[in-house]
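Got a structure for you, written out below as structure tokens; questions coming shortly.
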Amino acid sequence: MSSQNFKIAVFPGSFDPFTIGHESVVNRALYIFDRVIIGIGQNTTKTAYFPIEKRIEWIRKVFDHIQDKVEVKSFRGLTVDFCRSENARYILRGLRTASDFEYERAIAQTNKAMYPEIETVFLLTLPQHTYINSSVIREIIRQGGDASRFLPQDYKITV
Amino acid sequence: MSSQNFKIAVFPGSFDPFTIGHESVVNRALYIFDRVIIGIGQNTTKTAYFPIEKRIEWIRKVFDHIQDKVEVKSFRGLTVDFCRSENARYILRGLRTASDFEYERAIAQTNKAMYPEIETVFLLTLPQHTYINSSVIREIIRQGGDASRFLPQDYKITV
Amino acid sequence: MSSQNFKIAVFPGSFDPFTIGHESVVNRALYIFDRVIIGIGQNTTKTAYFPIEKRIEWIRKVFDHIQDKVEVKSFRGLTVDFCRSENARYILRGLRTASDFEYERAIAQTNKAMYPEIETVFLLTLPQHTYINSSVIREIIRQGGDASRFLPQDYKITV
Amino acid sequence: MSSQNFKIAVFPGSFDPFTIGHESVVNRALYIFDRVIIGIGQNTTKTAYFPIEKRIEWIRKVFDHIQDKVEVKSFRGLTVDFCRSENARYILRGLRTASDFEYERAIAQTNKAMYPEIETVFLLTLPQHTYINSSVIREIIRQGGDASRFLPQDYKITV
Amino acid sequence: MSSQNFKIAVFPGSFDPFTIGHESVVNRALYIFDRVIIGIGQNTTKTAYFPIEKRIEWIRKVFDHIQDKVEVKSFRGLTVDFCRSENARYILRGLRTASDFEYERAIAQTNKAMYPEIETVFLLTLPQHTYINSSVIREIIRQGGDASRFLPQDYKITV
Amino acid sequence: MSSQNFKIAVFPGSFDPFTIGHESVVNRALYIFDRVIIGIGQNTTKTAYFPIEKRIEWIRKVFDHIQDKVEVKSFRGLTVDFCRSENARYILRGLRTASDFEYERAIAQTNKAMYPEIETVFLLTLPQHTYINSSVIREIIRQGGDASRFLPQDYKITV
């Protein structure tokens, strides 16, 4: 297969934490792309709850058996610049709700204005994952609740 | 009436401050539930504008004449754990707008995943209350404006 | 229990057809209300796909084992007038999506303007039922597809 | 390239008429899929404004120069059955607005329930195409207005 | 005042029937525009419930005391062509809900594409009018209910 | 022209930064109002990214050629109090998306409750500006990206 046809997608996010919803999006995206790079953006203004090193380590474990297809990296700066540096022409995003959609559309159209060759490709979360979002899960963990049902089987939060 | 039929609902929120919209939801819910417990959640991350003791005191005054039906309590931890500890099988929430709805749906479905016996029951705010929300009112007060028209008659902010 | 405390809710709709989403809403509502009357409105302008007699018959079979708690009736005229004639002070509705919500809010607030004692009580559909709606199912059946997974187990479409 | 890697997507719709928004979605999808089949569904209940033969002919002219990559076909029955018969594992859809999104999500999740291997892939319309939709354009044409700016350059409506 | 500064707005709709929400929008718009022309579009595809002559007559009665400022006319063809023929550079619309908004945005942006000098100006309906819409009111009247509370005081439906 | 007919609108916001979307709204509003006052609110709780003096200076440069029609001022306290002090009976706002709309509606209806003579007038952003919002642009600048395409030609960020 020529390199031109080798399709690399960046799946950007803070993944604080990475959920079964995210996992499902990545797994289904592998039927479309040859490689998915999970890109953990290090936002200059928001402080993450879980340390970046831990998030990388925990997500890598989830995709350990398909390391050739799923990479996990962190990045600073603009998502489009990270895509360029990785030769990725696709940004992968999951869509859950209508308000999600409007936010995602603004980001995707801004990215396309800055890097016209980029294409954001959206998959839906599965019906049973629609309500699962990282900020609610984070709050459960903060309050001492058990959030394991919302996390991938191999994703172990170890502090 | 057997205790099994005695219906207790928790109305959770930060009520920072409690508005005429909240008051109307509680009053109408009393036609559905036998007791409503207004549960003021003490969020670990967000700092409230009004002190928790004051909010409890002010809301209690509003329902002073029906203390046997409306209790006011604060809680720490997960809402579902508070419900369990109060033997409440219902969570009461008011719905104002479509974006409200999507947020409420995520919370309610997360709660049901963690405590399947719980049922979140939604009432609409009245048309004339639809635009009233605590964060806008808080900002009015902060800016020195008069917000009394948005607060229950017996709810006196005393600082 | 005095009659005043006996809570009757009308669950209005065209149920063309009745889905597992509707079934779940009725079953969960029985923890809140003493009786649920499934009211099939006979709209003057829209023609239903399935005959009214069949819809009544099929839905009755679903709740055959709890006939004392779930009634199935058809009605003409306004929903609020049907509620009055049944001594029902509650209208039960399931909420699926944000656009659903806006439509439901308009109907509920119109009903309350015409009959102030009525209260519309909303339950959420379960996450796995959120996408299920009668018009899509009707189209599947029309196209000769198998829609049984979206219908209650005891709901048999017999033509 | 093995047949397993040959990615066929169906782009279903009524295309009554086909707009520059649709054209842009197809063109950008060709960077993701090896072939896009534009599938014009013949709905049993809604009557189209433009005849099916004409719609096929007009759309074919738009993609005349890339016939090996873009096919135009009409179909009856379920979209998922058409996908199966075409060995297509992807459904392609463009997203314009939040209310679009909710409708698309219901359809896509219903399709996945009936054919779990199918994946619906969403691209955004470009900002300048967001407001363009077939029903508004149809109304312009009906009223005798000039809608050519909303149609692909090679799409000539000839009646 | 020069004719250039004389601001004429068209308020287009089917007004089937005209509601207190519409009345409030027109009255408040008179603080912005010098004349408002209520333009009743005669859609080629949808049949109205109330005859066009009656709708004109009933609306005229509402604004009888300010005939110099509010005109009522019917039109065929595109709204932008009607605006041109009336020397109106403004289209007036009321906004009620988020799903309203998306529909209105598509229409307004289409109109601007076809007539760049036109500007659509939006006013909000009042909180207590947000749920009032013509199709629900029409259904109430059809079912024999009393809809007078939703209609302007001087708007008498006489059949 | 009598002073009564002289229409002054306040365009409130934080403009952190001012975008081409804002510029377009102001320019189009000048066909409706005689003067537009761009009012930069100094929020007590949120800290702006760009200093207030700079934002005033930069926006003034954009409207330098029409200083008699567009003023730039900062204000503290409630927007309605600023409007009163400026003899402005109109608040001007641009609408981009459905979630924007719900937020804007709450603010506008709160303002009207506090100052019934005020009218909020909404214009749409142009299709090609819909996705442009200050917080995304701010993030681009923070990350060292080039955001000049989203800013007015005469708006130079100089730090």
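Labels A, B, C, D, E and F are assigned to the chains in the order they are written; within every chain, residues are numbered from 1.
Keep in mind that, in the parts below, contacts are C-beta pairs under 8 Å (C-beta built on N, C-alpha and C of every residue); 3 or more make two chains touch, one makes a residue touch a chain.
Treat the numbers as computed from the prediction; the structure is a model and nothing was measured.
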Exercise. From chain C, how many touching-chain steps at minimum until you land on chain E?
Worked result: 1
For this session: Using the touch definition from the top, list the chains contacting both chain A and chain E.
Result: B, C, D, F
Problem set entry | Contact-richer chain pair (by C-beta pairs counted) among B-E and D-E | D-E
Exercise. How much rotation, in degrees rounded to the nearest 5, is required to superimpose chain C onto chain D on the basis of Cα coordinates?
Worked result: 120
Exercise. Are the two sides of the chain A and chain D contact the same residues or different ones, given that same means over half of the numbers occur on both copies?
Worked result: same
Problem set entry | Inter-chain centre distance, chain B versus chain C - centres from mean C-alpha coordinates, in Å | 28
Seminar exercise, completed: Between chain A and chain C, the Cα-mean centres are separated in Å by 39
For this session: With chain centres taken as the means of their Cα atoms, state the distance from chain A to chain F in Å.
Result: 35
Exercise. When you check chain D against every other chain, which residues touch at least two of them?
Worked result: 97-99, 102, 105, 109, 127, 130-131
Problem set entry | Inter-chain touch pairs (all) | A-B, A-C, A-D, A-F, B-C, B-E, B-F, C-D, C-E, D-E, D-F, E-F
Seminar exercise, completed: Given the complex, residues on chain E that touch chain D span 44-45, 76-78, 81, 98-99, 102-103, 105-107, 109-110, 113-114
Exercise. In their complex, what parts of chain C are in touch with chain A?
Worked result: 97-99, 127-131
Exercise. Considering the complex alone, what residue numbers of chain F touch chain E?
Worked result: 1, 5, 7, 28, 31-32, 89-90, 95, 98-99, 101-102, 105, 108-109, 112, 119-124, 126-127
Problem set entry | Residues of chain A that touch chain B when the two form their complex | 97-99, 130-133, 136, 139-140, 142-146, 149-150
